[in-house]
Amino acid sequence: MSKVTAGIIGGGRIGQLHADNLIQSPYYQLRSISDIHISHLEGTVYEKEAIITTNPNDLFLDPEIDAIFICSSTDTHVDFIKRAAQAGKHVFCEKPVSFQIEETREALQVVKDAGVNFQVGFNRRYDKHFRKVFETVRSGTIGEPHVIKVTSRDPEAPPEAYIQRSGGMFMDMTIHDFDMIRYLSGKEVVDVTVKAANLIDEKFKRNDDVDTAIITLTFEDGSLGVIDNSRQAAYGYDQRIEVFGDKGVVSAENEQNTTVKISTRESVSSDHPKYFFLDRYKEAYVEEVRDFALSILEQKPLTCSGYDGLQAENLALAARLSWQEGRTVTLSELIPVKID
Amino acid sequence: MSKVTAGIIGGGRIGQLHADNLIQSPYYQLRSISDIHISHLEGTVYEKEAIITTNPNDLFLDPEIDAIFICSSTDTHVDFIKRAAQAGKHVFCEKPVSFQIEETREALQVVKDAGVNFQVGFNRRYDKHFRKVFETVRSGTIGEPHVIKVTSRDPEAPPEAYIQRSGGMFMDMTIHDFDMIRYLSGKEVVDVTVKAANLIDEKFKRNDDVDTAIITLTFEDGSLGVIDNSRQAAYGYDQRIEVFGDKGVVSAENEQNTTVKISTRESVSSDHPKYFFLDRYKEAYVEEVRDFALSILEQKPLTCSGYDGLQAENLALAARLSWQEGRTVTLSELIPVKID
Amino acid sequence: MSKVTAGIIGGGRIGQLHADNLIQSPYYQLRSISDIHISHLEGTVYEKEAIITTNPNDLFLDPEIDAIFICSSTDTHVDFIKRAAQAGKHVFCEKPVSFQIEETREALQVVKDAGVNFQVGFNRRYDKHFRKVFETVRSGTIGEPHVIKVTSRDPEAPPEAYIQRSGGMFMDMTIHDFDMIRYLSGKEVVDVTVKAANLIDEKFKRNDDVDTAIITLTFEDGSLGVIDNSRQAAYGYDQRIEVFGDKGVVSAENEQNTTVKISTRESVSSDHPKYFFLDRYKEAYVEEVRDFALSILEQKPLTCSGYDGLQAENLALAARLSWQEGRTVTLSELIPVKID
Amino acid sequence: MSKVTAGIIGGGRIGQLHADNLIQSPYYQLRSISDIHISHLEGTVYEKEAIITTNPNDLFLDPEIDAIFICSSTDTHVDFIKRAAQAGKHVFCEKPVSFQIEETREALQVVKDAGVNFQVGFNRRYDKHFRKVFETVRSGTIGEPHVIKVTSRDPEAPPEAYIQRSGGMFMDMTIHDFDMIRYLSGKEVVDVTVKAANLIDEKFKRNDDVDTAIITLTFEDGSLGVIDNSRQAAYGYDQRIEVFGDKGVVSAENEQNTTVKISTRESVSSDHPKYFFLDRYKEAYVEEVRDFALSILEQKPLTCSGYDGLQAENLALAARLSWQEGRTVTLSELIPVKID
């Protein structure tokens, strides 16, 4: 196999992004896209490049297809993962795998039994800035990590309909930060403590959700992590990390649109950070699917496994519980996430 | 009165720093320095510029003296404050006022009854970088603060003897950050949640102390604060703040020794932050005593009052309790800090 | 016409770069690539996507082809431009158009008479950083430009064989900077003064060339420009500009590989600039051919015309003369560059 | 001698600045200040700390005085230097020594014959940023310097009366940059080429002066230097240097007022550079007189000698000639600056 023949389930924003990347990638042959609605795909480059269908079974049954990208709504993930795995297809699934840890666990068990590759879409692991932070930590340059800090703020609050289906801020947004902090640490989290608030818009409160949070984590070796989240940063997408260790500190700042600086009598100004994830993580999305292809074509180890998806979900659940009960939640209180 | 005639109690490092600044200040006439040991002051500029005595009463009884700077060990503060205030002297006291909130309250009551000015040595309020952050917040440029972040790391851990007398990290080191976060917010804190660890040196644990912490605060309006502390940052003194609001964010980075940048095939390097507080806050210490003088000479309002000292101590106590009991501590659980 | 059908003459490094971009562009259909040697193209993506030929006439005679990209060696440009234009093809030509200003003038006359579009490959005009500087200048934010500064240093000296065919540093390398400085200024240059040296390698001197230079320009309104060039910067590709005006200054710094910063006891380091033009100007090359397509498909005005190519060449010739004769050279001394 | 007893001739802005620094310095005892007008010094700290006189002879004849600071108008320097040196006083003289190179040479000869120390007030050599650049160059980190760049722009144009007495921009302003570039290079300049303009205000032209210039220098080893000057930068004092060598580059950026950064939907802004020389070079002025004291008290070598003053003047004269005649001027055309 010189290329991975792929199908995509879900033709929305993220499905189209992956489709664009697969079309341009030397590692993939995009074969099919399925969606329950297909009218918005008619006459587009997708229709020209791939078979468009409303029936995901067309993908599971297609012997040409090696791998399936699941980009549909979260409530459909588990079912599609199981069917894809049982059909012998490798699976790439957007985050979160599901809102129910037990269901996620079951899906991953099916994946394991089927012996197919499974990757969760934690795209930020492939961001070149964060990747370099990771490598610096692993190289020992900053010594043993003592405190890992993640700042993660969206440029604008999502619409209420999105909030209702999102699983809440911790499951929808912080889940990326939980994964990042685990990735950088290389250690497991033992407890989670959340202070959260509704400061931006009443629509979050109406939906039993928060929009602002400080989340503190203790790792198994006693080191600490802290995430600060906001659903709305007026100046744009704010994505920074810092790992402080006993020999030094490494950090990644926001990527600005340009390096231009303007100085006048009135002000000294520079450029805004890249506006949102499609822009900031554009290259990371390309790297992400490239890595998945190499796990299939060359049996390279996966950077981001099902277990990573499960752990991040578990942390999101722990965070929600911590917020609701106003106390530190230990991970051992929750359902164990082992896959047999 | 065109100048404040001042005496200093305590001729150690911080007492000498203030003595240097008073000598060079156009607002002060330094008259006396008292210390239990005076041999280290003999033959110095201090002996030339001021009366050196082992008896603090010489200062309280000296009718020439307008103001007394208390720079002796913390356990002597309360007694000296009372005696100075009762002698009608204005009082500048190093932080913390005491380790016992009730004693601090009593001292401040005596100060209030005596009608003298009282300032606590929270020098960072006078740092030009932090001052500009404060002014930016007050100007409304970044809107209502949602999250205030303080990073505060010392360049090297103190010796064990210091740790034993320090009152613990929260009372000795974080107290500055508690004051800064109250100063920037302009709101009172309602609860404190601490995750702390001993990661740097066993000597902290031996003395029932910590060396690393994440401290989350909730303000009365529901907004959040977070402080991250370490007793030892290999790369130097790390003192940064960030205030995130609904209209933007303002931050102050570390001040570097120089603006020099060196690029070679091997590396692109810039300069370290200023090494420690004597260097980083050099100008702030000058501003601090200038402000105190103006409160006496021109009745300007104090930037940093006894009440601010009391509140910061209370937060330090709450932080310690939160760490010890592994839970969020509400300020209302503690002794009220009102001064009648 | 919904897409521009294009042929490329010259299948070397720059020809392949354009081929890659045309293949991925929604604005182009790549039809043919001609080169005198084609063995290196066999079995590549180019052979799959395009007709490969050793005969450029195949392109001139192909009625399907709308536009021809001339990426062959400089000594062939003029002949190919004329033949392409006479065949009614739009022409994109790499810089410089030729080493002989009179030949360039003739080629452009043929282009003009044929009524086809002609663009010179000054890719840096499409760099997002420089473009923003340009727009800031045009917006009036920094007032009238007084001094325009360009720093342009290559990461490593070219091989001697390249130097021999390059036309010299001014024609090969500085020509980009001459174009940039004219682009930013919007004014014509009236005189050129060069101080140049051979400091890097004897191979430049052996070929009657220089490797280091300071080039000062006077614009028609009396304002000044200065370019500093080096053929070898140990730390990588250095591409910065600054426009200083009566109301302020605008500058573009180098783009770094990542925003990562590492601080230890020993050093505070950040990342290198992007290594060379293929990396730094990757997006600019895409924008460049997009603009050319839009000039054909939508009759949008060209950003970079034949006249711009001619003027930059003229400045390169003036610079060489200034260096050789050790004096300021006025442009009026040279052959006028008007096209009838 | 434990302190240098000093007198100051000239009680204007720069004389007062030195007086302030001498008063606060542990290395000096300020004894007298002479000025032709003394009413502005009455009732000031200067009157309290020093003898105020209208007669400079009081200083030359005072046996207590070890050193004299000449801060009077340039046309008086030479006479005062000679008289001070002949009286056996060490001399610190503000720049330039004189407007006539021959007079400067004579004055320095008298200094040499008298065997006293002589320092010229090139304060920028003591700026911590530029000092670090100097040390980096000397350490070999960036290899052999190929190009040295100095950007030097004042925040506002001087009044016309000042222009008339200034000796012209090259002698008044660029002289600092000539000294800096010699200091950094460690090599002598062999030729100077100037392109200058009058772009800011007619008052410069009226006084046969310029306000904007690009000055290119060739050093004795063939390496190059370039200075860009403007008399008026709307955004403040712009003082940057860069030394590019065969192994790397080192630069010093402007020092900003604070490290504060503010990001909103509308803009990302940081602070202005320090406004002018009194602010930017505040510490450098302290270091400068400290070094002069140590040359007297401890026979430490001078950082900035009479020869350095002479060479910088010579470069200013060469620059003016180059501008007037529109050609490169070699230093060998001018009067040799050797002191016997």
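Letters A, B, C and D name the chains as they come in the text, with residue numbers starting at 1 for each one.
Basically, a residue touches a chain if its C-beta (ideal position, glycine included) is under 8 Å from a C-beta of that chain, and two chains touch if they have at least 3 such contacts.
Just so we're clear, the structure is a prediction, and the values are computed from it rather than from any experiment.
Engineer: Using the stated contact rule, I'd like to know whether B-C or C-D comes out ahead in C-beta pair count.
Structural biologist: Looking at contacts between chains, C-D has the larger number.
Engineer: Sharing over half of the contact pairs with A-D by residue number is what counts; pick that pair out of B-C, A-C or B-D.
Structural biologist: Duplicate interface of A-D: B-C.
Engineer: Looking at C-alpha means, what's the farthest chain from subunit D?
Structural biologist: Checked the centroid distances; the maximum from subunit D is A.
Engineer: Just curious, how far off is subunit D from subunit B if you go by their C-alpha centres, in Å?
Structural biologist: 40
Engineer: Distance from the CA centroid of subunit C to that of subunit D, rounded to the nearest Å?
Structural biologist: That pair's centroid distance is 42 Å.
Engineer: Rounded to a whole Å, what is the gap between the Cα centroids of subunit B and subunit C?
Structural biologist: 58
Engineer: Note the residues in subunit D that touch 2 or more other chains, in rising order.
Structural biologist: 234-235, 247-249, 263-265, 271
Engineer: If you look only at subunit A, which of its residues touch subunit B in the complex?
Structural biologist: Per the stated touch rule, the residues are 143-144, 146-147, 149, 153, 193, 195, 197-200, 212-214, 216, 218, 222-224, 226, 228, 230, 232-235, 238, 244, 246-249, 326-328.
Engineer: Taking the complex as given, what residues does subunit D use to touch subunit B?
Structural biologist: My answer: residues 24, 26, 45, 128-129, 132-133, 136, 141-142, 247-255, 257-265, 271.
Engineer: What residues on subunit C touch subunit B, complex-wise?
Structural biologist: Result: residues 234-236, 256, 263-265, 267-272 of subunit C touch subunit B.
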